[in-house]
Amino acid sequence: MRAPLTPDLLRRRFADVRLASLALAEPLSSEDCTAQSMADASPVKWHLAHTTWFFETFILEPHEADFQPFHAAFRVLFNSYYNGIGAKHPRAQRGLLTRPGMDAVRDYRADVDARMLRLLDQRAGDAALAALVTLGLQHEQQHQELILTDVKHLLAQNPLYPAYLDTVPAAVPLAPALEWCAFEGGLADIGHAGDGFCFDNELPRHRVFVAPFELASRLVTNGDYLAFIEAGGYRDAALWLSEGWDMVRAGQLERPLYWLDDDREFTLHGAQPLDLSAPLAHVSLYEADAYARWAGARLPTEAEWEVAASNPGGLLQLYGHRWQWTSSSYAPYPGFAPQPGAIGEYNGKFMINQYVLRGSSCATPDGHARASYRNFFPAGARWQFSGIRLAR
Amino acid sequence: MRAPLTPDLLRRRFADVRLASLALAEPLSSEDCTAQSMADASPVKWHLAHTTWFFETFILEPHEADFQPFHAAFRVLFNSYYNGIGAKHPRAQRGLLTRPGMDAVRDYRADVDARMLRLLDQRAGDAALAALVTLGLQHEQQHQELILTDVKHLLAQNPLYPAYLDTVPAAVPLAPALEWCAFEGGLADIGHAGDGFCFDNELPRHRVFVAPFELASRLVTNGDYLAFIEAGGYRDAALWLSEGWDMVRAGQLERPLYWLDDDREFTLHGAQPLDLSAPLAHVSLYEADAYARWAGARLPTEAEWEVAASNPGGLLQLYGHRWQWTSSSYAPYPGFAPQPGAIGEYNGKFMINQYVLRGSSCATPDGHARASYRNFFPAGARWQFSGIRLAR
Amino acid sequence: MRAPLTPDLLRRRFADVRLASLALAEPLSSEDCTAQSMADASPVKWHLAHTTWFFETFILEPHEADFQPFHAAFRVLFNSYYNGIGAKHPRAQRGLLTRPGMDAVRDYRADVDARMLRLLDQRAGDAALAALVTLGLQHEQQHQELILTDVKHLLAQNPLYPAYLDTVPAAVPLAPALEWCAFEGGLADIGHAGDGFCFDNELPRHRVFVAPFELASRLVTNGDYLAFIEAGGYRDAALWLSEGWDMVRAGQLERPLYWLDDDREFTLHGAQPLDLSAPLAHVSLYEADAYARWAGARLPTEAEWEVAASNPGGLLQLYGHRWQWTSSSYAPYPGFAPQPGAIGEYNGKFMINQYVLRGSSCATPDGHARASYRNFFPAGARWQFSGIRLAR
Amino acid sequence: MRAPLTPDLLRRRFADVRLASLALAEPLSSEDCTAQSMADASPVKWHLAHTTWFFETFILEPHEADFQPFHAAFRVLFNSYYNGIGAKHPRAQRGLLTRPGMDAVRDYRADVDARMLRLLDQRAGDAALAALVTLGLQHEQQHQELILTDVKHLLAQNPLYPAYLDTVPAAVPLAPALEWCAFEGGLADIGHAGDGFCFDNELPRHRVFVAPFELASRLVTNGDYLAFIEAGGYRDAALWLSEGWDMVRAGQLERPLYWLDDDREFTLHGAQPLDLSAPLAHVSLYEADAYARWAGARLPTEAEWEVAASNPGGLLQLYGHRWQWTSSSYAPYPGFAPQPGAIGEYNGKFMINQYVLRGSSCATPDGHARASYRNFFPAGARWQFSGIRLAR
């Protein structure tokens, strides 16, 4: 993890990223920001406080002279999963924290921001500190995406189908024809290279052998997926992984998460007509895998995806549309070593029973994506902007 | 159900009761009013909307000319359990309704109130309407008590132990000595008598035979109950009903619901020193029954309680302190007939696996209690202001 | 509890009852005797061992000189629910006890029987011992009924629908017309009277006041209940207690427990054509209550049932056909006192959230029924031979 | 899948394997063979019937002239997970199938065996048939191992700790010193090679790149693992994957599955003194991973394991002791194609959320192991003979 920014740029970037989180909450009431719709999703207010807690706990506490916590109880309330820090408020009960209210959380943010900017000023040349701050900002950007996915999930539970944004969504152009882009394979290096920031799970860069393969030039569209549904895809056990079939039957699944039963889908703009040209979103790995099998294809491995994305070529929609499920389980790269201390819990301890998604989505903050980025979720997760790029 | 009020008094009473509900929400933020801490408890906002829905659905809809619902979706959102009205929003998901917000619910209340007052004016001599309105107000008073018990439960989940009221609780005088008041039993009539309002479950008044019995002059205090705990009451299976013992072990219960582990209890005034003279609250029927067995006594039947409460005698704390568990299951009185239509679902369909509590509590609105009143909860419920009066 | 038998008769009765239990297991394989189909039902082998444990623990252990347990571990393995005796094997795991096998359990029975007969011989004049033995035999008869209901439930899980008995069931005569028998009510005494045996829950005999009532002359038949089903009884929420409606929807209930979807029902003789004249069996209290409401009637209270059964009159099928649900919760009679010690756990600790059934069933051993007998099960229980007698 | 055996040898092998299954049931009572201790484990009787069903369904049905099923219902009862075959008896209810009894299952086996031998005689030159038979026999050998692990789990639930075998277990020699064997890595081919039988999941053989690595010369012993426990391994969150730590706390785990609290472990010979020299068994992947982290090492990937096992070198205990957890998720090899039809469900549909174990165990039938063999279980599985070989 490297932070090549100048002190001035770092301070400006800090201010920008922190402000961007608050801006995401702007269209929401304090009630919207407090509720939690499932254990996997957190309240917006919690995201705003937890990202602040990250700076307070990992940066102010060890670096600030005469450090005093903004509020002693926040250390527990807004700890997400760091056992090294101590106790945590139970994840499924984050929605019961009506206090501190949104105003108090804004105060918390303002207080930590001011102290952070002061610290950055005092320690302008401290590269280790700058690296930690950069990590905190990247962490906050991850939560910016989660703010959108989590509030979408919350609003979708409401029969009124409230819109996060009252604007009309932009029209989606017709999807281009799907073409197959061939890659010749062989030995390749994957993992992060260069001086820019990366997470520890993108390292070390290492060698892999990849057989020749092809990737689809574009993502699977809603229209493509509708054909799968209409062909009986959700009723044919032979297309599904065993666990996926169990999930289909237990949940009586018939379509992607936010598709409604009247040719509409629930979006951040409320219920909208289903756009058949738009890239499919909100499918689990099970659905992605079943669709690929039905289409006579398969999902890419993460190595294939990264090799292809690092090459010049005709791949569209790599970033900024949908996270793309891969068939690769989330595992440490050879030689992977997490950082020492509690901050080492960031990534490594989740490397089990999760699968890698590559690319980035429409909810990912600008500048947060790169070819070596490894997003990961359990195979059944559907509330992220997750879609499908086929391989064969 | 009879409504002997004059039209003027009824309108005034309507305005008073409706205002009292809003007043209960005054100390709370809109976030506090939106969250739901368990399926058995509802958000304050939901209580405010549901009591309004009751008037809109059962009174305005059938009586108002050119009735238009305030919002079409509210019929489902704020239906509690009336199958006769149609679909209901799932009970456990009431806390996800961040929309409508508190402001919109206040508008809903204001709109229905204005229309109700207009209707009451137009149909001033309509006794059936007056009876329905009275039922709606009694219903709202029940929810006023639930607003307090439910928000207490919500705030208790917060490690910050926020206070509903910032005032210092009134000091409790020393508990008087517990004396036994004897009643000679024999044939007696129980159930509601006279012209005042009552719920259908208090009727018909009917004859019972009661053997001679004694009731304790006052409620069990925190100090009394502490002696039970210190004597190992929560560790002695012989004291407990079988289901109660299962609950003790499964929940690792050691004390009443809101007692903390530092000689404090959580109250509507936040965490406060445990007052040993105050009447015990927040115990399940299982705990009440085990305590009574340990004390060499038993719980009263509801007939005993009502006979005693209707007699002159030395019983203290009958009303306004704690609901008093009885050993009587909640069952229909001989000849019980619910009202026709959806409103008949009010009481009758819950007459199974629940137990009767008598008296009233510190959270019960003034004027809502009477000797024939039958409150009822499952044996394991602890979040109400439920206490113990011994019998033998 | 009184035991008026002469020593000789008591020994003979002991031998008869003990033999009768073994006879019930005759048609079964040792595999049939070992499996457990749900936590509420026990393996036949466990019943055979537990009833033996009862004699060994409550009679031989305190009375036999130089008592040695047959097997030290059996004290835990075959303890049902007596906390006073110590640890218990978890109820839901009784079916995993493949050892001791059926042969070893038969040895256990033979050993305890021999020692019991010796003890009865030595202490022929000991009335307290005789009372305990009588209790043990009544206890064993209760388990004889459970052997049949539990093995019926087990065999019903098997798609092969195996028959417990290969014989053809006796034809059921046409049901007589349902008539209403009137009782005038007033003050009455209920509870056990006289010198015969009774359980502690039938005491003390006490006075009750009963309003005038009528009972149906016969039980509800399969044909009667079929009319309820065909009239949409399982689809009309207005007929059901709230908990019952929840159970109907959660379990997608459409008919009594053992009715198949091809006009047959599963019986101890395997799958057989549904006999419309036979008394209905295997309904929960919820179904009984809904049926009664649909039929414009109600269920009797246990006091009504006992008063009626103690009177001369035209009531058919009181005993030997179906246990008859009452609307009375299972509660202590006024002045009820369980026996001291672990044996006092027999009945009293279950007096919560259960409902009383009166009469007896086709599976009840001869001589085990009487007017004051109180059987009890949770409102949702369906695997007993439980049926309906209407009241109004 | 290739079957290079001569017809005579195939018939002999068929008879041998089929007999070996029955021999495993010899020490057990029919009750032992019927019970099911958890959904993941099946009754011995079910294993004996299901392996027979495999031959009847996949070989006799398509190949036998005038095929008649032995019993029409067995097609459903003994189908494990083949959706292509149709309905299945629910997995968790296999222990309720007291009928057919063990005698009937033995008859079923004898009937299918006779018909299979006749068919093998008639179609002696049919290579496709021989391949299917070979698959059926390999399948049966897998179930032979499961018979032992599943009955061990069942017997371990019994407080009597019954022994499967009454013999005294063989003494384990002192464990040799643990040495690190180095492998230089590079490009390698893994997957099955040659003419022998393999499962479809071992194909296609394909190229991988492996960085230089070292493997421990022997397995982790009970003594090694005891040191981890005594060092507080089960109490240090920092050592565990997040899911593993959740499992430790939820299950209050403190030691491997069958270790008792008195320095003994439950074995197929009953409770025995814990042998510190013996290879550790019955740990989950979570425990294996935590142990490796504590020991400053890691688990091998399946490619590393296979490369090492295919090389000459000093690795002890590769086969016949404990299955060895790898860090590799169970995924299709590049170009993997399951067989067409229902038999293609054998392996492919389970390639999600499971992890690969390599080698073989003391319960694996002779001749069933090879370097390319891929066993797989969920990360939390503990009832298999699963152990640890360290890598670094």
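Going by the order they are written in, the chains are A, B, C and D; count residues from 1 in each one.
In this text, a residue touches a chain if its C-beta (ideal position, glycine included) is under 8 Å from a C-beta of that chain, and two chains touch if they have at least 3 such contacts.
Just so we're clear, the structure is a prediction, and the values are computed from it rather than from any experiment.
Fewest steps needed to get from chain B to chain D, stepping only to touching chains, is 2. Residues touching across the chain C and chain D pair largely coincide in numbering: over half of the numbers involved belong to both copies.
The distance from the centre of chain A to the centre of chain D, with each centre set as the mean of the Cα atoms, comes to 37 Å. Note on chain placement: the centre of chain A and the centre of chain B lie 45 Å apart, centres being C-alpha means.
Taken as a graph of touching chains, this assembly forms a single closed ring in which every chain touches exactly two others.
Contact residues on chain A toward chain D in their complex (touch as defined above): 81, 83-84, 187, 206-209, 211, 237-238, 240-245, 285-286, 289, 327-329, 331-332, 334-335, 345, 349-353, 379. Of all residues in chain C, only 29-35, 37, 73, 76-77, 89, 93, 95-102, 154-155, 157-160, 162 touch chain D in the complex they form.
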